[in-house]
Amino acid sequence: MSRILLIILILLVLPGCRDQKIVEELGFIHTIGYELIEEGENSGKLEVTISLPVAETLKQQTITTVVETSKESRIFLSKKTDKNLVSGQVRSILIGEKLAEKGVWDLIDTFYRDPVSRPTVKLSIVKSNPKQLLSKDYPEYKMVDTVIENLLKKEARLNTIPEMDIHKFAKDYLDDAIDPIAPIILQSEDGIMSDGIGLFSGDQLKTTIPAIQARIFFLLTGEFKEGDLLIKNEEEKVLFSFLTNKRSIDVTLGDKEEIDAKLSIDFKGFLLEYQGNKDITNEKEIEALENYIQENIENQIRDILETMKEHQIDNLGLGKYLKQKMDYQTWKNLDWPKTIDRVNVTPSVTVKIIDTGMVK
Amino acid sequence: MQTEKFKPFYLFFITYMTQTGIVLFMLPNMIANYFGYNGWLMIIPISVFAMIQIGLIAGIYYFNKGSSIFQTIETSFSKVNIIAKPLYLCLSIFWSVLSITVAKQYVHVMKFLYFPQTNIQWFVLLTLILTYYLVTSGIVTIAHVSTLFFFLSAPMIFLLIYFVPDFSFLQFSTFVFNEHNDFYGGMIELYTAFLGFEVTLFLFPYIKKEKKVFKYVFLGHLYTTLLYLSVTIFCYGFNSFQQLNYQVYPVINLLQYIEFDFIERLDSVFFILFYLKLLITITMYIWISLVTFKRVVKWSVQRSAFVLLVVGYLVTLPFVTKNELTSLLSLLAKVQILISIFLPLLVLTIIFLKRRRKHV
Amino acid sequence: MYINKNLSVHVKDRLDYCDDLVIRTFPELKIEVLYFGHLVGEEELKNNILQPFSNTNEEEVKIILRRKQYQQEEDINLMVKGVLEGKALIIYQNSLAYVVDIYVPKTRSVTPAEIETVIVGSKEAFIEDIGTNLSMIRRRVKSDCLKVLSYNIGTITQTKMYLLYIEGITSPILVKGLQEKIKNIDIKGVNDLNQVIQYLDKKPLSVFPQYFTTERPDVSASKLFEGRVLCLMDGSPYSLSTPTNFFEFFQSPDDYNQRWLLGTLSRLLRFAALFITLFASAFYVAVSMFHYEIIPVKLLHEYIQSRSKVPFNPVIEALIIECIIELLREAGARLPSKIGQTIGIVGGIVIGTAAVEAGFTSSVLIIVVSISAISSFVVPHIIMTASLRITRFFFIILSSIFGFFGIIVGFTIIMIHLCRLKNLGEYYLKPISPIFLMDIKDTIVRAPYQFFKK
């Protein structure tokens, strides 16, 4: 009996598996860019750009096509290359600003649904055209797509842009208590640069927070762990380096429709640079400086909250804290985040300067 | 072949390995779907219910003094064989069909995820040959193999540590079971995830007599519960609730998220490693089917196992698509629930009737 | 066969055409002495034959022959056997026969172990003479509980075999089991213990060695304490111990002679090597043919560049390189050790570099294959190394068919096979499956001696 089974086994095994994906026959898409065409004959169609490394020379190949929906793009793109295009190595998706304003969930869902692509694919919004960004020849870079990937990673670590991947985007998009965010990158004359945070309502890009305010935003989400903070006005300029950061959000439900949220941020750090007319060797002056920084940050927080209220979005996840205090029916009736206006947020920031540097 | 006995210690591995299966990969989604917010709480009462069932089986073991339940049934009434034999045959074929459906479901998911173009029958036949090889080795070897496979697959749980930084208690919210649908249906579905302990009912004659034999079955069951709980809790904390509802295989998404410097996308490695666990589940069901079958037909083990596997294979042959398999499996699982509840009760009744007869 | 008359003629008849037979006669004493000159020691010959019989007369001969060392023998078969075993046969008055043992084997002296070398510990290895080998064991186990049973196997070669065990530690069932197995071997002749093992195998088709052989007397002695049965055979510088388990092949005396932490770590390293040697090449094939998505982006670019020049399918590529490694290994084993080393260097460096530069293989594969080859030599026992190498090819082929699934299927088959293997009633994977928690501290790890059971 076992011999018969052995023969069956061998017969089964011989024809082999049809799913062979031999590495050298594959084109590993590294970055995909999507943009909406608004003018000309192709108006309303999608412009899809992919970049893939050419195995023999390790240079980047960029292919563009114009399609009706994102799903058919693969067919058109693979006509233009000798390799079998696969999406298992896609590392980042670049979405043009125009498309982002229209809605991106369909695109992301395609990736999220695909068992081959990974949930850690980085997502970013491109202010200029993704095609131009990917296909422009930067003599100093061998492969632009990896440069973009590394830039996003580095900037996310420095807390100027969020590290947003498909998983996190889907998580925030599907959650009813928070709206997603995405980093914004820009093609500048001398290269590529990050340019702040894009705030979404649902899957549509509503507004952006400039890079300078982005760190304040991360203070609010509690993700800010380390980094420098620049605070300046006409007279003074303070460069502040963080050591520790504590953030807590305390929500109290008022009698009527009122909801109070107390946002307290508590951080310590040391002064890196100071230009102004305060004497930073004096203890009292330092205290004044602390107060100055506190006020400045509180103002910036108010600005961010104002922006959010204006667009009726909640990218900070205040809703999650509200949820903790409410019962299910109240929460559902709230219709978050349209009612973000009803939340009075009082920011309270405590700054402690530990040291002022190596010299007096 | 079956004069050998194994220590009760192995019941831990057999119970755990038989209980867990492919359902682990879908469990968080299933729970989120059926029980809504904080649905993981439901694992506890269902587990307790299963534990009561194990208690019943333990009771039978003690009353029976470790002899086979077939003997108990067959010696209960004078003409019981007329009813018992056809019943055995039905049960035997049922279990064989059940186990092959379980195998097919796993294979289907594997095909969908990693081998989309390969014919599913190859995987099924390969699995059947391995099952045949394992089941004809005898229960002692099965116990040993399950121990080995346990140690090979158990360290997977440490991967959850990877998600600790991204784990957030905020995701849980304070709602309990809101947004649930079909609460009772869900309870039945969840109970099927614990099925597998009932195979111990047939193991009585093969266990060395020691104190506290069933301690190990309880421990195995507790370990399963713990695994289910930790995986589900991590999924609830890592994903947003709505996202959990959206993913079909949240645990695979979880595994896909893991990235190390030297290796990424561990999901394929671990999902396929899970095959070891699945093989034990299938083998145990085929084994009880075999034991029951041999009560009716006096064939050699090899021949009976072959016939049972072929019958099971042929019966499940028409079921190919995911929906067909899922509905077939949930139907079979429901029948199995009934068996797991009523078979111990039946045997207990017989034991009490016998005792009473003796006293009279 | 008992013959009293004309004994000399009968014996000579049996040993006809054995021109190496030496016949010395002492006509005045009516004594004839028969022996094989190359089996006896000169000193012994002088002491037991030449001296006593040269300066004596007929009366005294009877008294001399009554001495202890001269054993009277009546069976002609035993006389012939005695002569063949290196005894001298003294035929007195053509009717009485005496044998005297003057056997001194001409073998090499004890040399350091060459295959199972250790860093710290005894250097001795067994030699071809069974008596010396037994003495090395007796010297280590000075106990009256060490029992030695003697057998002869091979209908023609009549090779001497000793079965050793320690009474009170070794279970009598094991001794009996092995005894029966040895008795059941029906062969004309054997040359080495490693041949005998293959006759003893319960599952001859298995790739794994089912008996543990070692050339080290210290390891053999420690197997005795562990309750195993030991076998020695004349002409073989190896000892056999049984029941064997899989994990024995991963132990080295170094683990015990060095500090426990180092012992434990090197053991864990060996188990890691086991997995590397089995799966590294198969993993490479599976990744290049099925699961490209698990390659991190930093490795991807270099990897696809090196792959892009290769004209072969990854599995063909891997098999070619594995075969080259096997060729090198075989060539190294056959050549004298100094040339063997050169072959290793030439093969490893020159062929490897040239193959990559010529676009024959990818550099990643060269790394993978050499790591797995090196790992296979980390396993201390050469027999197990060979088994693992064969298994590796099995995994490579399976992984080329079904990717990771193929590897897991192959792994499952091997695991079930190992779990089914039994050796004299003991399971092959003993302390792991069936599990004995107490024994694990000397299997996977090497715990401090204080933790061992007293």
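As written, the chains take the letters A, B and C, and residue 1 is the first residue of each chain.
The rule we apply is simple: a contact is a pair of C-beta atoms (placed from the backbone, for glycine too) under 8 Å apart; a residue touches a chain by one contact, two chains touch by 3 or more.
Remember, it's a predicted structure, so these values are computed and weren't measured experimentally.
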Pair exhibiting more inter-chain C-beta contacts, A-C or B-C: B-C
Most centrally placed chain, judged by C-alpha centres: B
Whole-Å gap separating subunit A and subunit B, where each centre is the average of the chain's CA atoms: 42
Distance between chain centroids, defined by C-alpha means - subunit A, subunit C (Å): 64
Intercentroid distance (Cα basis), subunit C paired with subunit B, Å: 45
Residues of subunit C touching at least two other chains: 290, 293, 295, 402-403
Interface hub residues of subunit B, defined as touching at least two other chains: 114-115, 126, 133, 259, 264-265
For subunit A, residues contacting two or more additional chains: 17, 19, 88, 118
Residue ranges of subunit A touching subunit B (in the complex, touch as defined): 1-2, 5, 8-9, 12, 17-19, 88, 115, 118-120, 167, 170-172, 174-176, 178, 317, 320-321, 323-328, 331
Partner subunit A, residues of subunit C touching it in the complex: 287-290, 292-293, 295, 297, 300-301, 303-305, 307-310, 313-314, 398, 400-403
Residues of subunit B defined as touching subunit C within the complex: 6-7, 9-10, 110, 114-115, 123, 126, 130, 133-134, 137, 141, 143-145, 147-149, 151, 259-266, 268-269, 272-273, 275-276, 279
Residue ranges of subunit B touching subunit A (in the complex, touch as defined): 37, 112-119, 122, 125-126, 129, 132-133, 136, 170-171, 173-175, 178-179, 239-243, 245-246, 252-253, 256-257, 259, 264-265, 302-303, 306
Interfacial residue positions of subunit C with respect to subunit B in the complex: 290-291, 293-296, 298-299, 402-405, 407-409, 412-413, 415-416, 419-420, 427, 429, 432-435
